[in-house]
Amino acid sequence: MPSSTDASINQAAAQAQLKKVKKQKVLLMGKSGSGKSSMRSIIFSNYLARDTRRLGATIDIDLSHVKFLGNLTLNLWDCGGQEAFMENYLSQQRAHVFSNVGVLIYVFDIESRDVERDLATYVNIISALGQYSREAKVFVLIHKMDLIQSTNREAIFNQRVAVVRRKTAEAVAILHKHQPSPSSLSESEGGIDLDMHLFATSIWDQSLYKAWASIIHDLVPNLGVIETQLASLGVAIDADEILLFERTSFLVVSRWSSHEGDRNPYGDRFERMSNILKSWKHTCSKFTGTPRNAEQFTEFEYKMGPTFSMFVTKFTANTYILVAMPPGEARFNSAKLNVAAARPWFKFLDGPPVSAGPPGQIPAGLGGYSNEMGGMAAEA
Amino acid sequence: MALSVLPSPDNFVGVALVINRSRDGPRFVFHYPPHVAAAAAQSLGSQADHGDDMDDDDDLAPRRNSRMASFEGSSSHAEHGADLGNWNHDDHLVTDSGSQIVPWERVAGFPTKDLENILTPARAYHKRLFQVSLDPLYCVSYPIYVPENGVWRKKKREQQRTSGVKDDDGSAQVETDGAAKSGDKGASDADRLDRRDAAKGAEEAEDKKSNMTMFNLVFFLHPNKHEVRDLVDVMFVHIIKKINKAYKYCQQRSDFVWKESKKILALKDKGREDKRKMSLLWDEILATSSLAASMQDIYEAVSQNKIAALQLETAEGMVTHSVQIPVPFHVSDLPPDPEGDQSGLWMTTANSFIPDDDIEEPEYLDKNFALLLLADEKKIVAELQGDPDGATVSMVEFVRHCKPTLSFHQVGQQSSNVLTPAQVRKYAEHFIYWRRAIAIPPLHARDMYIVNPNCDMRKLQQASARWARQFPLLPALPNFLAELSVAPRPYKLHCPSKAHRHVYMQMLAWLMRGGWVTQLCTFAYVVVWPEIIYEVEYALEAEELTSAKRAQGVAREPSPSDTDTTLASPGSSISALADTATAGFGFLSLLDDASNMSSSVATLRPNTSSDRDTPIASPLRRPGDSLSRGTSHDSSVSAASLSTPAEQAAEKARLERIADKAARDLAERAMAHARKAAPVRTAHPSVNSARHLVGISPRIILDAKKATGKESRYLSAIGQRLRDRAAAAPGAASKDAWEGRVAETWPLFWKYFNGRSALERIALQEEMKRKDVWNLLTAMSEFFICVRHW
Amino acid sequence: MIQGIFYARFFPRQGTRIVAQSPPGCIVPVPGVDKPCLFDFGVLQEYIIPRQAFRNRYITVNEPSGKYSVLGFPVSINDSKYDRNEFIFNFGLVVEAAAVRDGGTDGHDAGPGGDDNDQVPYERVVRRLAATFAEMEKQTGFLSQDQSARPVDDSDGSGGSDSETQSPSKARAAAAAAVRNDHLHNPVGSYRRRPIESLLEIIKEDLNNYGECMIPVDDANTLNMKLFPHHATPPIVRGWHVPVAKVKFADVVDPTWDLTLQRVVAHVDGVADVRRIAQRADVSLDLAKLALRHLLYYDTVLLLDIFLFGACYAPRPGIHDFVANVGGMVDECANYVCAGGAVAVSAKSTGADDGGGGAEGSSGQGASGNGAGEEVLMTTFCVGKTVAEWLKLHMDAGLDVLRFVDVRRLVQFGVIKGCLYRVHKHVVSKQYLAALATGQARPVAGGDPLQRYTDGCHTFDQIMTEQGLTDAEAMEKLKRLSASAGDLGVIYK
Amino acid sequence: MENRQRLEQIDSGTMPDATAQQQPAKGAPRLLLMGQRRSGKSSISSVVFHKLPPNETLFIESTARIQKDSLSSFMDVQIWDFPGQIEIFENSNVTFDIDAIFGEIGALIWVIDAQDDYTESVARLHHTILNLQRSYPQINIEVFIHKVDGLSDDYKFDIQRNITIQIQDELSDQGIDNAPVNFHLTSIYDHSIFEAFSKVIQKLIPRLGQLEAMLTNLCRTCRFEKAYLFDVNTKIYIATDNTPEDMSSYEICCDFVDVIIDFTEVYGSWPRTQQWRDRLEGEPWDQPLEDQVACDRAEAGMILSDSQRPIMLREVDRFLALVAIMKEGSYDKMPQINMNVDVVVKGLEEFFRITKQKNIVEPTIMKGPGRPLQGGR
């Protein structure tokens, strides 16, 4: 294979700039019943959407230390949204909750009855955040979109976005008043505005994966390395598209598309693939009777005659890889071989070599989820 | 003194460290022992609570609850299937739902994930008792928070201080106050901190940014229902507070607690991923972290009620600290439960009976106590030389010198003053603290020793075996004890010959150590026999009369009636005078001791006033005063309101009437007094059964030292007796001198006649020859009654 | 004393809130009450409605100042009919904290010790409240249907109803539930129900004033609660113990009592030992012991040893209280021990007119009691002196003790009051002991029944009662038992 | 037109009793959906035939008039969705041409809401059956006990037993004993609805026996555990081998088909550029893509982590796909298996060409259905 040589060069270059394990504090906030725990359990605990009905309310803060890939740990603070708790976060625990925050995920319930109140709380949260963690990124999810007629979704969402942006601005203004150091503030203000992203989500479709993929995207260490290496792999096996998934959540960690691949009309295909594969995984677990969050399938190949071929395969300990490519038996087989050959370059995705468990054991990622959502009612 | 509840593996089930951090939140760092048993909650009907047994409709409650529990728990518990049943709690399990059950993530039946939340209380608990009970488990701790400004580390000067944990306590207080005052500027401080750290390596910065906000060393207790308070109390005061302060000290100086926690958590994460057996992981952690090791020590030692010696390897060097629950090595009275945990303890009242006003005086203790080493002298010396330091030499010296027969005071002297009293005291305390020795009243061959009523016969087997090895050629332990116990006799009488004296004292010491014997002490109260009482009463009456007459004499010419009286009983009047004299003397002497003994006299004055007896100031005046006051008051009135002659006449008449009446009364009383049998002093008041004494019952003076008023007169009267004896003694100068001494020592000794000071100690206290003391006591023995116990 | 009582609930929207409290404002402030709350609710709420792992069990926590403890039993009932699938509530009490030495570092005075702030009795109350209301909720939705139940500090009533409002996703599940348990949605409105607030009020008052309460909650349910003091488990009763009644059983005993208990009680006379009582009452020894243990628990009897003139008693430190006549002990003793109606005895006075002494005693230094009589008697007991010898001693001194006092009663009084203790007689066989130590000898079954007593752990009382021998006989047998002369030793302790 | 003629002939050949009282054929076999209002008829049809995600059925407003869907697949089936309130037999002024409705009906599907009080529904069902039995005794009556998701198993089966007994009793009271009434527990939130439909449809397939025989044979030769012949669009399986039914294997095959459809849509449903094609057909390959592929039809395979029971799919024609669960290890023998499968596929084509004179010119590649599929499930 001509490819492997130049790839190995990239690899060497890449290895040089690898970073150590990273930890991130992620606040998951929003009014009670807005669906925080549900989305969390779907993304990280392999819940089925309908299983989340069985969840109880989150008392105070439910902390989980989620290992994502080998080298990223998300300290996920799922904050119960009851008023009593909110008051508490903003007063007693203010410093404790809002300092060292990497990402704030604020969830709005689209069908909430008392929008004004929600926004008021939101503003308080934002200003508290601004006070203790200026560099934090903010993701606002307008959730439960499935409860809106699909026809009106667009409109309602946009209108909501407008309101939230306005309120955010107000919050920043409040910060202005309370913080006498304009220099640092201006940038922090900018920070808040710039680093705010809004998504319309529903646990019933891939919109959730879109939001979360973009949330974790910036958090993943060594992203540059991953991308360059994916690219070189893609070129080597002349694929049309390559997606890299985290093994448990099936969130897209990184992707690469050829020119042709970019022409693909389906803009939502990435989160859609996440969704498809995740639910496929569930099907398998139901079939095999093995745990949901255990690894399910290793190999999935599909050749659609002369139209295209694709395969999804277990890649590194913590990742799956999807390759979509032109048809052709020989091409297909060599691609598979090359992908296998490329595994070692991506070993770093499994984090510091020490932490890679011996084969045959459930690898690192799993540990992180097991202890959260203790009362997993899914099997009922 | 004796603690009712002590920690044991049954009621002290584990210790755990929980910390809280602003980035990754509460973390359950470490716990020991590895497996804290899940104590079944009472709601599952395990507890045998008398109340519940009795009304059965309440038993339904528990069952209901348990059902609810299983119902709600079904989701979480059903998930780990039957495999939990036969789980060794060492390997990892994977549940049907695929989640991994990590052996160290369930403690006492709770997920650590939940525990770490409930065990990181709000700042309001900073340096206070935090106690939450999760039926039936009690979690008790003393949470320590970072100062409001978010900086553990102390300012430079404080870092230089190498002072012990104790004074750290004080400074800690200061620091928190300071933080409290500077509420907001705390933030800016924190920022400064951040910037400073930004300079340091990324590692450093990372840690600082996610700094530990509090740590909490939690003790899991499982006390009996009725012992909760005692156990918590004991643990909190002696262990929990102290250890947490020690940790705080290290945390402030070298970020110790966090650094160690970080290490441990890392190991646990790795262990979780590699699915390491818990046993292996724990060994590793204990080996690598001195914090974890210290927790092990704490548990192992405290649950066995030993001394926990912490050795914390902080960045700034080893910090050592030791905590313990002081064990009672003696009890003052028989424990209620003969098979209880106190059985076998040596019994003595030596400590509990220390007169309150002497308790502070070191001299008192120095004279009354000797050090009894619990281990062999050589062994201890070896131990000392094991890790030598500055004091080692003099301590060895001390060990060599101190004998159970020598009071600290004497040790000081014997060591030809190599050791200052302060040193002696210090070292003694040291050995007692480390449970290498106990303080006992010095052993003496003339004292009586009886089998300790509290001794634990169950230990007799082993003891007699050891005894046999120690003292091969001597009577076997059972027999010796039997011999001792038949009847109380001075110890020396058990000793066949002077040659044996030494070894017999060793045997005695041995028995003391084992709590097999205890000293039989003698406690005395002064008893006032009717004769004395009568005499004093009589004298008082006489005085009253005389002074009354003197008062009347002022008013008008003496009436025949008084002459009668004076004629009637010359002896009595004389005696009265004599009495008053002695009484006076009695007082003075008493005052003397009182003043140089203590300040208690002052406090005594008030309650004398309640007495209808004469106040200390002027015993003779008062009755007269009172009387004259009675009259003169009237006269003063008259003097004030003299107006018309008629009135004056009337007034005069009235006065005369009154005067007459007074005179008549006086006369009558005088008659009565005269009619009374004059007190007769017999050589032995105790057996005087004269008619006039019938109906008077002897009285006991509870504390001769504090005696006042009439009681003091009794005492002096007794003193007088003794002097009389001296006088009465026919010829024989020596005897005379002797009786004299008895009389003199009486006022000196009576302070010991309070039922609390053992007469055996007088010799030590007064630094007199004990033989001498005993003779004196016997001489005056008629005047006190004795009680004998340990 | 119950300082406060409250009903807390978890509302899916507002979270943990107090629904009812008594006295008003004791947990969370209410308008019109300016009295400060007992503690900061914000700090403790996580222990009042804890996370799931800690629910459905008895939980107590002390508030930071250390003055009070909160006792609660958070209950969560899971059912898809509830919003968020569970209904969580807690009926809690606030009582004085068990006083711990310098509990808070700011040295608040540690509350009075003793059982006045003993929390144990309240545990059952809390459990009962939890159990009762949980059951009522399950049967009739008593709590969840209570429309008046909104947080006391809830300005707009949005929260009150929200336990019932069901998100669309729930609708069908709830319908399903409805089908399953049809009694679910029966009209709770039809109940005559007492507002919980006043319920709590009554509970608190009754328990504080009468130590029990019996309160109808609605037509169907009544709360019966009583505070039972909790005592330590009583010591083991031995066959040779002599129980003495502390109360007049004749007055208290009633037919509802346990039969064995009744029988046993009938024979408790302060003289008979347990074994004999068992025989007389014709109940098995173990049952008798059990019964007596029960009486011990309720502190209605106490255990003494068998009184014998041959036995020996000695003073213990408690005697000083006697001498000092603490609590009029001496007079009490006089009344207890005096024989043949004579008033008080004194060392010399021939009974009858001791009034003078008495008067003076009480008027003068109160301590010195009336006459040194009993003191002298008591204090003259001593180790190694049997009662008989003691008696002789006084007789010789010319005091006809027997005329004035019932010696047994005197001794027992001394023992009960802790002035005297029984010096027990233990017999030890050197050889047997050595044998045991080396593990050679076991108490041989067929062997001499007495041998097993010779390890020093057994008192003569035991030997005598169990073997039915007199002291002398026992001694005889034992002597014969041992081979070598010097082997046997008798230890008095 | 003449197709139908043929079909009819064949039918008459195959099931004479059926054709006996059959009116001149008017259109494809017909499925009637009936039941109380809000019992979920519309949801069912929209989920099964319109691929509506189950959770979105909340928005479906109840049917006012008869809705007719036609399933155009290997054989055309009509689905008539009756509004719940309409009483066909009750109302005296008969606006309905009963014959028109029940003439060539394949089966009557009666939907009962299990989470609601179903007494009335049962009563009406009973009534309907009586009416039908008189004139159209051959009509299969399929009772869907619906909305059983979220109900405990015991409870489900209780309901089923109740209803069954009620109906049977009533009927036998009326002297009707072996009426063709079948009961299914269904829910749109899982595969039960599809399985139920499969059962219903299968009854309508002529020569089902032969199909099953072929599949059974295939399973034996290739050591397959289970093989299904799927109607790709509806995920209804029209035949399977004779090994016992097994929900779980049906489900996984269903989802497998789903995944394939999704993949197809995302990567296979848009035209590639010419230069793309040119590049691929140039060096080093030098042959048209069509020749580069091993198999001209869609084929897929999947291996589980435990490497047991791989699953393979092979397109049969534009409606049908063969999905099989293999035994462990047999994935290595893929070559032979493929050959066998090829043979069977050919056979199936034959079968259908015969059964419905649709001469397939050349096998056309499976095309993703025109309307975009929601990925949601």
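We call the chains A, B, C and D, going by the order they appear; numbering starts again at 1 in every chain.
The working rule: contacts are C-beta pairs under 8 Å (C-beta built on N, C-alpha and C of every residue); 3 or more make two chains touch, one makes a residue touch a chain.
For each chain, UniProt lists the protein as follows: A, D = GTP-binding protein; B = Nitrogen permease regulator 3; C = Nitrogen permease regulator 2.
Remember, predicted model here, so these are calculated numbers, not experimental data.
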Centre-most chain, if every chain is reduced to its averaged C-alpha atoms: C
Report back the single chain whose CA centre is most distant from the CA centre of chain C (Nitrogen permease regulator 2). D
Which chain pair is joined by more contacting C-beta pairs, A-D or A-C? A-D
I'd like the Å distance between the centres of chain A (GTP-binding protein) and chain C (Nitrogen permease regulator 2), where a centre is the mean of that chain's Cα atoms. 60
Give, as an integer number of Å, the spacing between the C-alpha centres of chain D (GTP-binding protein) and chain A (GTP-binding protein). 37
So the centre of each chain is just the mean of its C-alpha atoms; given that, what is the distance between chain B (Nitrogen permease regulator 3) and chain C (Nitrogen permease regulator 2) in Å? 26
Chain C (Nitrogen permease regulator 2) to chain D (GTP-binding protein): how many Å between their CA centres? 75
Residues of chain C (Nitrogen permease regulator 2) touching 2+ other chains? 42-43, 46, 50-53, 76, 78, 80, 86, 168, 173
If you look at chain B (Nitrogen permease regulator 3), which of its residues touch at least two other chains? 75-76, 111, 117, 122
What residues in chain D (GTP-binding protein) touch two or more of the other chains? none
Sort out for me which residues of chain B (Nitrogen permease regulator 3) touch chain C (Nitrogen permease regulator 2) in the complex. 41-43, 49-52, 58, 60-62, 64-65, 68-69, 71-72, 74-76, 110-111, 114, 117-118, 121-122, 124-125, 127-135, 173, 224-229, 232-233, 236-237, 332-334, 336-337, 339, 349, 352-353, 450-453, 455, 457-458, 460-462, 464-465, 476, 478-479, 481-483, 485-488, 520, 523, 525, 527, 530, 689, 694-702, 710-711, 755-756, 785-789
Of chain A (GTP-binding protein), residues touching chain D (GTP-binding protein) in the complex: 49-50, 146, 149-150, 204-206, 240-241, 260, 263-266, 269, 272-273, 275-276, 279-280, 283-284, 286-288, 290, 294-308, 310, 314, 324, 326-331
Quick one: which bits of chain B (Nitrogen permease regulator 3) touch chain A (GTP-binding protein) in the complex? Just the residue numbers, please. 20, 22-26, 73, 75-76, 78-79, 94-102, 105, 111, 113, 117, 122, 150, 206, 209-210, 213, 269-270, 272-275
List of chain C (Nitrogen permease regulator 2) residues in touch with chain B (Nitrogen permease regulator 3) within their complex: 40, 42-43, 46-47, 50-62, 64-66, 69, 73, 75-78, 86, 98-105, 119-120, 124, 127-128, 130-132, 134-135, 228, 230-233, 235-236, 297, 314-320, 323-324, 346-349, 353-354, 356-357, 361, 364-365, 367-373, 375-376, 379, 382-385, 418, 421, 423, 426, 428-430, 433-434, 436-437, 455-457, 486, 489-493
Taking the complex as given, what residues does chain A (GTP-binding protein) use to touch chain C (Nitrogen permease regulator 2)? 32-33, 53-57, 59-60, 62, 80, 82-85, 87-88, 91-92, 114, 147, 374-375
